[in-house]
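Next, two complexes with chain A in common: one pairs it with chain B, the other with chain C.
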Partner chain A sequence: MAEKVLDVVDLETHFISDGKVVKAVDGVSFHLYKGETLGIVGESGSGKSVTSLSVMQLLRNTPGKIVGGTIQFGTLDIAHASDKQMRKIRGNQISMIFQEPMTSLNPVYKIGRQLTEGIILHKNVSKKEATQRAQQMLEKVGIPRAKQILNEYPHQLSGGMRQRVMIAMAMACDPEILIADEPTTALDVTIQAQILELMNELRETSQTSILMITHDLGVVAEMCDRVVVMYAGQIVEEAPIEALFAQPKHPYTQGLLASIPKLGEEVEELTSISGTVPTPETMPSGCRFEPRCPYAMARCKEQNPVLKADEDGRVYRCWLQEEGSHE
Partner chain B sequence: MSDVLVEVKNLKKYFGGKKSLFNRHPDTVKAVDNVSFEIYKGETLGIVGESGCGKSTTGKMIMNLLEPTEGSVVFQGKDLTELTGQKGRAARQKFQMIFQDPYASLNPRMTVRQLLTEPFKIHGIEKKNERAKVNKLLELVGLNAYHADRYPHEFSGGQRQRIVIARALALNPDLIVADEPVSALDVSIQSQILNLMKKLQRELGLTYLFIAHDLSVVEHISDRVGVMYLGNMVELTDKKSLYREPLHPYTQALLSAVPVADPTVKKQRVILKGDLPSPSDPPTGCVFHTRCPFAMTQCKQNKPVLQDIRGDQHFVACHLYNGSAESEAKLKKQIL
Partner chain C sequence: MLKFILKRILQMIPILFVVTIVVFLFVHMIPGNPARIVAGADADQATVEMIEKKLGLDKPIVEQYFVYIGNLAKGDLGTSLKTNEPVLQEMKSRFMPTFWLTVWSMLFAVIVGVGIGILSAMKRNSFWDYLGMFGAVVGISIPSFWLGLLLMQWFSVKLGWFPTTGLDSWQGYVLPSITLGVGVAAIIARFTRSALIDVLKEDYIRTGRAKGFSESKIMIRQALKNAMVPVVTMTGLQFGFLLGGSVVIETVFGFPGLGSWLIDAVATRDYPVIQAEILLFSLEFLLINLLVDVIYGFLNPQIRYDD
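Then we have the complex of A and B:
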């Protein structure tokens, strides 16, 4: 697992609206190894989706702009790549699955046409070969009657089936990286279980690296090897999956883990993090979590700590690191 | 807790089915198909199920927001489904609802004060001490008196849901029907709202009907839980029995499908094959037999009845527990 397929360094993506600058992603660095699943966890507004859109260069027609940092993919820096270079990569070497399978498929084209479009474009094959490949992919993702489904429209399929089609489409060109942005959030639990199982199977057979963006810590625990926790546009903790759940280091991660009710566990009151995620207007000048942090100190108000490893090699962004243990 | 507050009897809701010029052979969608249960005073009854199982439709019928095709909702000896107009509205005073989306539940052009006094206006309650009442309500849900003159857009999602709850409390209701009240909220906010709802229940003696798809949230807040599938109640019991010893194969699959936030746990998972059948063309017999790993021949023919199979208030609608030789054999296999 030594080979890095993606290396993001100091990524900064800003949105400009009404002359105001919103720093949606503010100095984010992470890397993805070959064949691993990296989770990016955070609540709404944490910048996790904008990070993934930046990696895909999908912010061109929005007020968003990558203003700093690099996204190294092989020899190419995606942050500074041209549209032409990106067209070759998107859907081919890096592909993406979105949350809402209904809005990700074009309602007026048949499944077959939507699936073969990318294959024809990237693999330079005939329509017939592409159709064969499309059918194979549908069978691979467990769609019954694959041949007929090619001739059907998205509205004829259920939510779970549509998400399978999306996965088939994303995997059709054997991408090196699959970015999954809340891939199961819109699905029911029993269907979610099917899709997660499918993604794990595909990963084992194809060695694709997966960047899993989600707010669901249960999904993270089941799918990921490593996790990056984001809060207000920055990474606050990065850890291997077992370490993160066994011993979360950052007070935000601790609060997040404590606030989910767990099946089979009885507690009268859930732990909760007081307050709300800061808006761009109320962004604290020091540590961004300081207003909600139970351990906040005077120093936290003034300076934002840096993300770094402690003596045990655990990486998190907190002044408590220097104060010693806070358990 | 043995006093019955609301009794739901044989509730049905069929949508469509009307012939029209363009639709000569209309499909009837059986959204809720013969559901009966009781809500006890002071308890939280959770209803779980996946999308399309009829849990929200059931909630709306109890609120009298939808007219049932058949069946009754009995409250204080009266059948609410038969009350209309002024009487219906008066009866509804005691039932309040909280919806999923706090952004859509509040009129953006009204201040919090206007929103919170609206219930009094609708029910013609005199205006005395309005200011004090609003302050009291805001305080109850953890907001401050100075919030009263702000508009909904000035609040975050969690705060808006608090306002929605305050509004539901304005008329001292007996029952609050909460339809996915926390699913639009982030986890850290979700726990704040769940804690608030529990606190209010303790302080005000409220009864909740808590409708949600998230099994762990329902387990946390409920005393008893009902599981719905395709318009039918398939299992109903107290939460301990349901989560420790689910009897219906659907409940078993549903519980095993929930991802656990603990990477050291490797779950034995029952993965259900296929999708939910269309409610306009539900399977014959037991509605779950098309996806059930234990389906028998009789499941295709006869619809099982929800019954207390062991006399311990654990209701389940499944042929596996009818004592026949075939089901006994299946059950044994299931345990192995």
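Then we have the complex of A and C:
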């Protein structure tokens, strides 16, 4: 698992609106190994979706812009790639599935056309071959009567079926990386489990690396090998999956895990992290989690800690690292 | 689909029946006696009454209506009071020039309008967008008779490329078609632009980008068909208006179409001609609405007319 397929270093993505700069992604670094599933976890506004859109260079037509850092993919730095270079990569070597299966398919074209157009674009095959491939992909993602579905329109399918079609579409060109931005959030629970299982199967057979963007720790536990936890545009902790669940280091991660209700345990009130994510106006000058942190100290107000490994090799961003254990 | 079309055509019959009543009443309420106009200003009362009797205008209006509707059921639109020729015959020779004028001007309008709309939406808030939308405002605001005269001055008088008036060859269509088309093109351009800009915000456009399509392919292959529903509605309406014959443009260019015929008919109180023309316009509108509904079905698979 040593080969890095994606290496993001110090990524800075800013949004500029009405002359104000919002640092949506503020110095984020992570890498993705071949065949691995990396989870990026955080609440809304933590910058996880913007990170994934940056990797695809899909911020065009938004006020967002990559202003710093590198995104190394093979020999190419995506952060500085031209649109032409990106078009060869998108949908081909890196593909993406989105949160909204109901609206992510074009309502006026048949499923078959939507599946084959990407294959024809990237793989230089005939329409007939592309159709065969499309049918194969639909069968692979567990869609019954694949041949008929090719001739149907998106509105004739359920949400779960549409997400399967999206996955078939994303996997059709055998991508090296699949970015899944909250792929199961809009689906009901039983369908969620099926979709996650499907993605796991596909990863095993195709050796595709998956970047899983989610706010759902259940999905992380199900899918991921490693996890990156984001808060207010920065990474606050990075850990292998077992270590993260067994012993979360950053107070924010601890809070997230504590707020999952446990089966069989009777509680009066669900645990939550008090306060809210800071807005650009209320962004603390020190540690960004300090206003909500139960262990906040004087130093936390003044200086933002750096992300680094402690003596056990655990990587997180907290002053407690230097103060000794806080458990 | 066929069943739907058939049903809609059958539904037109009662609508057209109501139209005949309304039109008949209104036409007969126009002040002015056609018999007097036929007889001439110098004719005496006896002559006028004789002509009235000959034309059947002396009978009660209800009886006149039943005679009219009876003839209509037999496919007889009556004879022109002015020329004494069957109305149907004249209508046939007048309809085709107006029909082709409408087709050419709409073709011009759709190509130019959709083209400018796409460019403006693609290069949104750029110089080209502003230029295109400024052109559209000018196109909507410019009075068509003035534009017609302007084009005539340039291309007919100065350059001599096209005839000033009349319809002796295909060249006679060019200037009237452009004159009529400019205003419609401007409206279509604005509709296309705003519809495309709405569609470009949709999630499936992001999916298209994630597949690796270029912006121009996104526009043509993913967005355009979705944006066409409002444009088709608009185009259908305009088509109906133009098919009624443009009174102003046909007059400016001395064009032998339905519009100039209607003007003549109103001036001479030629009841059968007015009635026939308005009935034709109503039928045209009903057919165009049906056509637009059928096109909706092709554009958006969620609109299907199964029963």
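The rule is simple: the second predicted complex is superposed on the first by the 327 of 327 C-alpha atoms of A that agree within 3 Å, B and C clash if a C-alpha of one lies under 4 Å from a C-alpha of the other, contacts with A are read in each partner's own complex, and residues count from 1 in each chain.
Rule of thumb we're sticking to: contacts are C-beta pairs under 8 Å (C-beta built on N, C-alpha and C of every residue); 3 or more make two chains touch, one makes a residue touch a chain.
None of the values given here were measured: they were computed from a predicted structure.
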Worksheet item: In the superposed model on chain A, is it clash or fit for chain B and chain C?
Response: fit
Discussion item. Between chain B and chain C, whom does A:234 touch in the aligned arrangement: first, second, both, or neither?
Written reply: neither
Item to complete: Could you tell me if A:37 is touching chain B, chain C, both of them or neither one (first, second, both, neither)?
Response: neither
Response to the item:
Quick note, chain A centre (C-alpha) to chain B and to chain C: the enclosed angle in degrees to the nearest 10 is 80
Worksheet item: In the superposed arrangement, which partner chain does A:131 touch: chain B (first), chain C (second), both, or neither?
Response: neither
Worksheet item: Of the two partner chains, chain B (first) and chain C (second), which one does A:259 touch, if any: first, second, both, or neither?
Response: first
Item to complete: Could you say whether A:218 touches chain B, chain C, both of them, or neither, answering first, second, both or neither?
Response: first
Discussion item. I'd like to know which partner A:196 touches here: chain B for first, chain C for second, both or neither.
Written reply: first
Worksheet entry | Dominant contact partner of chain A by residue count, chain C or chain B | B
Item to complete: Considering only touches as defined above, state whether A:271 meets chain B (first), chain C (second), both or neither.
Response: first
Worksheet item: Looking at the overlay, what does A:188 touch: chain B (first), chain C (second), both, or neither?
Response: first
Fill in: Lowest inter-chain C-alpha distance for chain C and chain B in the superposed arrangement, angstrom
7
Discussion item. By the touch definition above, which chain A residues appear in both interfaces, chain B in one complex and chain C in the other?
Written reply: none
Item to complete: Sort out for me which residues of chain C touch chain A in the complex.
Response: 200, 202-204, 206-214, 221-222, 225-226, 299-302
Worksheet item: Tell me, which parts of chain A touch chain B in their complex?
Response: 43-44, 158-161, 188-194, 196-197, 215-222, 241-242, 245-246, 255-257, 259-264, 267-274, 276-277
Worksheet item: For the complex, which residues does chain A have touching chain C?
Response: 56, 58, 60-61, 83, 86-92, 95-96, 98, 100, 103-109, 117-118, 121-122, 153, 155, 166, 169
Practice prompt. Provide the residue numbers of chain B that touch chain A in the complex, in ascending order.
Written response: 50-51, 156, 158-159, 186-192, 194-195, 198, 213, 215-217, 219-220, 243-244, 253-265, 269, 271-272, 275-276
